[in-house]
Amino acid sequence: MTTTADTDLSESVEETAEAIATMETRGAATIADAAAVALAEQARAVDAADPEEFRATMRAAGRRLYDTRPTAVSLPNSLRYVLGRMEGDTVGQLRSSVTTAAADFSRRLETAQDELGRIGANRLRDGDTIMTHCHSTDALSCVRAAVEQGKEISAIVKETRPRRQGHITATELRKMGVPVVLIVDSAARRYLDETDHVLVGADAIAADGSVINKIGTSGLAVNARERGVPIMVAAQTIKLHPDTLTGHTVEIEMREEEEVISADERAELGDLTVENPAFDVTPPRYLDAIVTESGQFPPESVVTLMRELFGESATRPWEE
Amino acid sequence: MTTTADTDLSESVEETAEAIATMETRGAATIADAAAVALAEQARAVDAADPEEFRATMRAAGRRLYDTRPTAVSLPNSLRYVLGRMEGDTVGQLRSSVTTAAADFSRRLETAQDELGRIGANRLRDGDTIMTHCHSTDALSCVRAAVEQGKEISAIVKETRPRRQGHITATELRKMGVPVVLIVDSAARRYLDETDHVLVGADAIAADGSVINKIGTSGLAVNARERGVPIMVAAQTIKLHPDTLTGHTVEIEMREEEEVISADERAELGDLTVENPAFDVTPPRYLDAIVTESGQFPPESVVTLMRELFGESATRPWEE
Amino acid sequence: MTTTADTDLSESVEETAEAIATMETRGAATIADAAAVALAEQARAVDAADPEEFRATMRAAGRRLYDTRPTAVSLPNSLRYVLGRMEGDTVGQLRSSVTTAAADFSRRLETAQDELGRIGANRLRDGDTIMTHCHSTDALSCVRAAVEQGKEISAIVKETRPRRQGHITATELRKMGVPVVLIVDSAARRYLDETDHVLVGADAIAADGSVINKIGTSGLAVNARERGVPIMVAAQTIKLHPDTLTGHTVEIEMREEEEVISADERAELGDLTVENPAFDVTPPRYLDAIVTESGQFPPESVVTLMRELFGESATRPWEE
Amino acid sequence: MTTTADTDLSESVEETAEAIATMETRGAATIADAAAVALAEQARAVDAADPEEFRATMRAAGRRLYDTRPTAVSLPNSLRYVLGRMEGDTVGQLRSSVTTAAADFSRRLETAQDELGRIGANRLRDGDTIMTHCHSTDALSCVRAAVEQGKEISAIVKETRPRRQGHITATELRKMGVPVVLIVDSAARRYLDETDHVLVGADAIAADGSVINKIGTSGLAVNARERGVPIMVAAQTIKLHPDTLTGHTVEIEMREEEEVISADERAELGDLTVENPAFDVTPPRYLDAIVTESGQFPPESVVTLMRELFGESATRPWEE
Amino acid sequence: MTTTADTDLSESVEETAEAIATMETRGAATIADAAAVALAEQARAVDAADPEEFRATMRAAGRRLYDTRPTAVSLPNSLRYVLGRMEGDTVGQLRSSVTTAAADFSRRLETAQDELGRIGANRLRDGDTIMTHCHSTDALSCVRAAVEQGKEISAIVKETRPRRQGHITATELRKMGVPVVLIVDSAARRYLDETDHVLVGADAIAADGSVINKIGTSGLAVNARERGVPIMVAAQTIKLHPDTLTGHTVEIEMREEEEVISADERAELGDLTVENPAFDVTPPRYLDAIVTESGQFPPESVVTLMRELFGESATRPWEE
Amino acid sequence: MTTTADTDLSESVEETAEAIATMETRGAATIADAAAVALAEQARAVDAADPEEFRATMRAAGRRLYDTRPTAVSLPNSLRYVLGRMEGDTVGQLRSSVTTAAADFSRRLETAQDELGRIGANRLRDGDTIMTHCHSTDALSCVRAAVEQGKEISAIVKETRPRRQGHITATELRKMGVPVVLIVDSAARRYLDETDHVLVGADAIAADGSVINKIGTSGLAVNARERGVPIMVAAQTIKLHPDTLTGHTVEIEMREEEEVISADERAELGDLTVENPAFDVTPPRYLDAIVTESGQFPPESVVTLMRELFGESATRPWEE
């Protein structure tokens, strides 16, 4: 890989890369959009002698952006979407294909949460009670749309230790006028008898149909299945993890023990280990539907959507 | 029911009843023992003209004690054990049968935890990792005995929200020299892959084989079964709930919301409900063995032991 | 086996045998009671020279009664209960043991349905909805007792083809003031989501914990388990089938095809077979509790009760 | 939406719409075909000044037809298939694309049942016994093809209360020379032990892989899975419900109580409710294969076929 | 423990102990019987000054016998049965109780296999096909009895690597006239579709209802449950392992690698490990019934029989 | 079908057909490649007057090759891939499309095993233990790639009766430096507790997601699911069986009984049947992922890949 070519990248790409690397630009959708925009600006800026030079520059731009946060699932998706659609026989055609793809991607992204919200809302009936785990704006978008459709929805909100993002979810749901019962995570099975749908988001979705989400999701899903309660995952397609198509597993982040136990408590407990994994993996057989802006899918079929949007092959379009 | 007779009860019964009622005497084993001792002293004290008067007085003593805390499972067990063994044709024989039964009951009680610990320990192999939920001295007794048998045991300790009794368990296990990994409750399914036995206590055990224990036990048990990890319940026989023989369900206590959320957080979250059930019910099909001081039993068979120890019939021996 | 001895049987035994054989005496409880009464009268009537002659006569009486309907589960239970308790060294002791056992048996029988009703009712909570299959007075006794305890109970009643005994159940429930929703059998799974308990009776209960009941019970139980709805069987102990202790299976009656299809419809359909099995077998793993007048039991434990009441051995006390 | 444009619709569209609305045109395939034909005739008839006017007219024709029975799954599929393939830069190209698509759709429809019959038949082996529920010409087409392949097939036919369409199925099977055993619905689990394949049709198939079919299908499927018997759904692709792609659930029709109980019986039973849902929903995990004229699919994959045939997007091609 | 007392043991005890230790006396039933006979002879031989001396001698005899093969499950059962029934106030009464218990035990043993055979046979119907694993005379006794009852039984015989005891089973079944299909172990799931009952023996049965039997039993049982085929364990009560009542697990023997692979093959394969465990453990939830000479039991109830026959307490009657 | 045209086939097609028919050319990949090469040579050789003649000749070549071994799954896949991509309006275009498709197919084939190996390896983590069944070079390719990635992998190798191909697998694994534990097939469930992934190959994969592989795979998969161990199938896309798209089932070969039992042993055992099926069918719900050179797929989605590669329709491109 010749990094020399990288020096010719547009200012836009450099700034975007910097902003992502320093985490100034954060959040799955924001990062993905910034990358698409940067690629479009690069395409407009590049003054290539021939199609091959254009392609090489675009790939270099892709690499520059990719290398800032290779584990963020939405970033490579953005690059794959845009660069995977680069085609043409002339520099003009290539440029046009890139800017069109970038615009398409941004437009999808802009409406994705609302779209999936409307789709997820259609699965809910008037009078339903949902159970939530952690905090997901995609999941809340489904509830919001249902409320806007005039449905009465109630919620049982798991607090979601260690960070108790359930408090944020509860606050958001109250703003929509949704009655909330707050419970500790361990009480979930008992309250599943009063639940019509479990509704969660996703941090990433794998090609084998499994869903990576906040720790506790898989245990909840197993119990929901046992209790006969359907479980729906709300997630934009930028959460579909293309690396998993080639078998890669998603690395589970281990977070600070301070989230689990205060320094004082820790001192008292003495010589023990605190482990704080951020996510877990739920197999597809415990999930009923994944709701995206492209429609709902059984988890076992989401690989088809992943291939359609982000490419079927294992090769990365930014690699030489 | 003539309550007049109750005025003739011995000082011991009155004092014991008072102490239980005011919660001066607390804890399942302590209450059960105090009641048995009081009945024995009543038997020694009573100056009955004939067997029937003796019986009537003993039943009155039973009623006096029972009425102090009718929902405490160990108290009626104590009364059933002692009064259910009252038999004979003379006052002397009756008295002797009561004092013998009371002494037997106390002796069983004294050694029960150690006995069941040794039995539970036999299920554990050298090198095993257990997972605990909440804090149970019966469960810890199994680990202690295993350590005393020279086995190396490790523990994964769920913190057990809302009161985080897992911290007590962690401390106790560390005192025994058992390495501890502390996790939030939601991380349980992930750590079941590293667990050889789930080990919990019980607040009460029902005739249909279901186990009432700290909220979260049932969800853990469902996941343990799904992961192929055996789950063992350690509980003295005073936890066998004789009322359940006649179909009674065990009332689940709803506790203060302050355990779940501080007053300040509460104020911020606004108009929502916090529910804090103390216990849940695990069906027998998710449990592998109940370990008591009388041996281990599949949960579906524990009704036999219940009938043997505390009587087969629905009638309560202290009723007229 | 010398049938000569049978000629000496008391009038009571002969009349009872005749009445059972001609089906003048019908119904599990009625037959069982009649047999016990006849044995008691035989014991009073017999003028035996020695204990052995007394025993031989009683066995002959047992055989006479047994042979009238060897497949009726309650009849051998009655004989086993009474003759299994025949003991003593003198004719007087033997006679007394038989009459006492017969009286005990009749007394149990008289109160059994009420007793089990109260026990089953304790499993139901105020506001619960039950689902019924076929018509069972034992099952209805549980609902009646619950209503008498002041609980509000609703019912979803399966019509129970082919004979639609659900109509009788619906009528009986309406008399108790229980709101009823009547559905076809195929609609059961859909309505399980609104059901708190499935409540059925039993025609016979086997030593391996399986329950023989009206065709359709097993399919309902499998679905109830899948939907997470507990299922309770209400049955007097005379339904415990002692032959199954020795591995015998319960013969399933095939009934008339006219119950399934009218003669006219039949003629139109032409050359096909109509099969109409009366019962099916539900394995214990799909049942939560068997409620008897002796308390509730997990199905896997009911063999213990069977042995206690009707004898542990495979030998029949009326055989030579 | 300007309804003015609708006044210019061709006579064919108006007549077809009228016939569907008055239920003169009935049956999923007949409705679908009529709509496609009407669109083709509209395309031929329209005298549009420019492509946009042509498109607008066709959309108006689509709306006119759609509004006659918006809940009939085959009607929107027909419209989606034809209008979704309308493309071109000139009125001529547009017209040609519509008439070609309409002809393709009609041709598929004409052979669909035979095609899927042959495919379904390939799953059956010589000597197999099938179990049927309700009456489905798609399901019967599989049996017919198997018989034509020379396989000996036997059938266990559930009567399918309340309307007992099993009688029609039995008659049809007898015409093919297939030996039939007729049973009540409740006997299904017992006869699954003698069944090699459960074979049912579908009223609609959802994007999440669940199948909407005659009430009782889901309970049968759960039992078939428990007994280890594979279950196959035979359904033409016009049963794939495109609204479900966007999360819409399929409304379950509640039918007349007279189907369940005669007026006289009703009068006798008094104050109770009779509920008569026509369909239920079977989750994909209880189904082994969906057989269509485009091949067989695991239920979890059928969404791919739905998107391929009837469009991937949530937007309806007849909307403005 | 004073081993001095042991020198006074009867010749019979010494010889029996020697024969068991040298494996001259072999086989579960043979060992158990020899021990009971030796205890009876010891009881007759002892010339005790007082009851306490008699008891001490008998305990010493028990210890002497027990120490020869403490892991053989039938030996301690024999000792428990006989010494657990030793009771009386005089040496004469004590002696008599021991000799009676020993005779009872021997008599039970003599008929046990035939008795359980008849019981197991009752579970089989005419025309049934069984599947066997390994070689068990208890299991074959059920087939023999069924054949003697006039039932036609067929068998699918798993060869049971590594020692292929299935060949012995096949030979024995052929002698009974039972048609045999021999298959490799891996083919079991395929042939379960043609199997009515899986029928196996047991090496030991634990108090928690799990069954220790030839390696491969548990995998077969899991598949039998998945295919809906009932599985029956045929085992005499001497296989009930009393140590498991106190939680002890049964040690699984690791056998010679030569059983798995010949020395020549081994040499060729080079540096790898061959593991050859003799048994595995099947949890009770995968078994339908345990057939003993005392009747059939759900595996979850067999602990009751174990306590009844061999004592309820954890203490061993031969210990000081 | 005019077989006359077949006489004009190129030498290459004739020789290839002969070699496949005589099994000189063997192995799924070798056969598939030879067929593609032969088609390309035929395309180059043919001197067609018009496009239709070219097409007819190519179809005839396809038929000639297909008829040599119609049950070999890779052969029709090769023909479908190449002939399904034949398109164009002139002979030149047609020829070019065929030679390009053939070259693509060969190139895919050449790298397929390495590609899928890298993908499968990504599912394995450092330190994992795999369990294998039979011998599969596709499965071993995953292990090899994992080892090359620097991961430490251990293996538990089932011997895989009757032919014990596990010995080959063990040898191959040892060559890679992978530590091996060899076990008999029946020991699998016990060792699943020490297994992180079950890894098998496939003989064929069906459109309904089921996998046909060496006898014993399905029983292993059921146990792996029960023990919570993921199971991965490694298979090149030439194993996707296009006939199954149209419902065809895969014929299971019955092999020689000599593989199961030697002639001498056979003679001794006498009159019994030995059955030796080569393969069994594992339903998709017991498999976690199918790893191909095109990425990994849940088994329920593999039909999409099958349609993409080998054609969506039931018609065979070589038929007239």
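Order of writing sets the chain letters: A, B, C, D, E and F. Residues in each chain are counted from 1.
Just so we're on the same page, contacts are C-beta pairs under 8 Å (C-beta built on N, C-alpha and C of every residue); 3 or more make two chains touch, one makes a residue touch a chain.
In this text the structure is predicted, and so the values were computed from the model without any measurement.
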item	value
Shortest chain-hopping distance from chain A out to chain F	1
Joint neighbours of chain F and chain D, given as chain labels	A, E
C-alpha-based rotation, chain A on chain D, 0 to 180 degrees, nearest 5	120
Between the pairs A-B and C-E, the one where more C-beta pairs touch	A-B
Interface residue overlap between copies chain E and chain F, same or different (over half shared)	same
Where chain A and chain E are represented by their mean Cα positions, the distance between them in whole Å	58
Centre distance in Å when chain B and chain C are each reduced to the mean of their C-alpha atoms	35
Distance between the centres, which are taken as Cα means, of chain F and chain B, whole angstrom	59
Junction residues of chain C - those touching two or more other chains	226, 285, 298-301, 304
Each pair of chains that touches, named by its two labels	A-B, A-C, A-D, A-F, B-C, B-E, B-F, C-D, C-E, D-E, D-F, E-F
Residues of chain F touching chain E in the complex	157, 159-162, 167, 170-171, 174, 179-191, 214-216, 218-219, 222-223, 226, 260-261, 265, 268-277, 280
Chain F residues within the chain D interface of the complex	207-209, 244-249, 283-285, 298-301, 303-304, 307, 312-314
Of chain E, residues touching chain C in the complex	115, 118-123, 125, 285, 288-289, 291, 294-301, 304
Parts of chain A lying in touch with chain C, wherever the complex brings them together	193, 226-228
